[in-house]
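What follows is a set of structures to go through.
In what follows, chain A forms one complex with chain B and a second complex with chain C.
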Partner chain A sequence: MSDLIRTMALSASGMRAQSARLGHVAENIANADTPGYRRKLVSFEAVAGQGNAGGEVRTGPVRLDRSELPEIFDPANPLSDDRGLYRGSNVDLLVEIADARQAQRSYEANLKMFDQARQMTSSLFELLRR
Partner chain B sequence: MFDSLEVFRMAEGLARHAAARQSVVARNIANVNTPGYRQRDIASFAEVYRPAEADAPMRRTRPGHLAAADGLTLPRQQVVAEARAAPNGNSVSLETEIVKSAELRQQHEMALSIYRSALSVLRTSLGRQ
Partner chain C sequence: MDIRAKLAEQTYLSARPATEATAKPDGPAQVFGEVAQQFAATLQEGEATARAAMAGGADPHALVEALAQTELAVQTAVTLRDKVVEAYQEILRMPV
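Right after this comes the complex of A and B.
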């Protein structure tokens, strides 16, 4: 039965990581028009353990996307220089939406595993009845 | 008594194997987006289960097996070499893992049903309801 409890812990770590990822995607989308904003990237890593132990996923440090910020032409903007250009953000909405979709799919898969472990545990307890 | 009745030992071993394999599947799914993570699996129940033989001593055929008092040696998780890796090094296929977990659910239910019906046969033979 400790295997089933471990299953729930593993799935909970997966859900936590995917919702953290979704949080960063939401930040990026909210700041898509913020001048000078660099999109945040979060990496996943597996917790190391001996033999069968370990394996939970956790988020690593947040990194900034170092690709070049696009120059946007808008002379009316107070931030624009003498050529009428200012630096926007390097957020691409298509990439962020695709990322959010994948995060949702992974989250639901983890939730399914959690639910299945819970049902297997309660089936075990049913044995005690009658 | 339940240890010496083969049907109870096998049903318990089947349920424990299903739970252990479910834990590996959950680990794979939790790491579906982790770069460099390789899919893992454990040996099937038929490979690891040994029926009780009264005069045969416990053998450890592979160093990865732990010697257990009952018929089930708890298998180590092995990295699946055949799984194809994505460009970021991750070799977990979500569809494969979900199908595997559906099979494990059935395996677990079957083990518990066998256990329950064997228990009721035992109760009937004792004269109780």
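Right after this comes the complex of A and C.
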């Protein structure tokens, strides 16, 4: 019983982490054209058990992608230097979309686990009722 | 300040819980009371989370989790109550 309740708490923590990840992906996509923007990377870490059994997941500190910012040729841009180049953002839209899809799939998996635990508990009580 | 007095005080404080009266062994009434208290606590937690989510404070995952737990707790309580009432009626129907 308490295991099933715990399963629901774990799945909820997974869903929370995946939605935080999706939020960072949206942030990256929104800033894809911002000059000098570095894409944000989100990491997951297991919550150490403090009084509870642990096993939950949470998002760790946000890190910035340290890869080289691409140089874009646009002499009309006020940020461009004497060669007509300025630094764009290192957001790759394809990578971001793949990341968003992965977050969606993981969210669905957590949702399924939540529903599974709820159905198992309900069917257990159904047995008691008849 | 005298360190010995402080030490004696600490020793006394740590020894005091051993001299306290022990609780009575768990009877059925106490167990039922604890179950009822846990049930009420689960319900209150669910309501508090729902209120916070309405006000925009809590995230929807916590709301769904708390509501599912509350639903299961209510189902358990209702099932147990039905069983108890059924048993009582069974006794009443006994031919004397």
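Keep in mind that, in the parts below, the second predicted complex is superposed on the first by the 126 of 130 C-alpha atoms of A that agree within 3 Å, B and C clash if a C-alpha of one lies under 4 Å from a C-alpha of the other, contacts with A are read in each partner's own complex, and residues count from 1 in each chain.
The criterion applied here is as follows: a contact is a pair of C-beta atoms (placed from the backbone, for glycine too) under 8 Å apart; a residue touches a chain by one contact, two chains touch by 3 or more.
Predicted, not measured: the structure shown is a model, and the values here were computed from it.
In the superposition on chain A, no contact is made by A:79 with either chain B or chain C. Applying the stated contact rule after C-alpha superposition, one finds that A:116 touches chain B and leaves chain C untouched. Residue contacts after overlaying the shared chain place A:128 against chain C, while chain B stays out of touching range. Touching more residues of chain A than its counterpart among chain B and chain C is B. Judged by the touch definition given at the top, the superposed model places A:6 against chain B, while chain C stays out of reach.
When both complexes are overlaid on chain A, the residue A:45 reaches chain B alone and has no touch with chain C.
When the two structures are aligned on the shared chain, A:97 is found in touch with neither chain B nor chain C.
By the touch criterion stated above, A:64 is placed in contact with neither chain B nor chain C. In the superposition on chain A, contact of A:26 is made with neither chain B nor chain C.
In the three-chain superposition model, chain A touches both chain B and chain C at residues 8, 13, 114.
Chain A contributes residues 1, 3-4, 6-8, 10-11, 13-14, 17-18, 21, 43-46, 51-52, 55-57, 102, 105-106, 109-110, 112-114, 116-117, 119-120, 123-124, 126-127 to its touches with chain B in the complex.
Residues 15-16, 18-20, 22-23, 25-27, 29-35, 37, 74, 76-77, 94, 97-98, 101, 105, 108-109, 112, 115-116, 119 of chain B touch chain A in their complex. The residues of chain C lying in touch with chain A in their complex are 59, 61-62, 64-65, 68-69, 72, 75-76, 79, 82-83. The part of chain A that touches chain C in the complex is made up of residues 5, 8-9, 12-13, 15-16, 19, 114, 118, 121-122, 125, 128-129.
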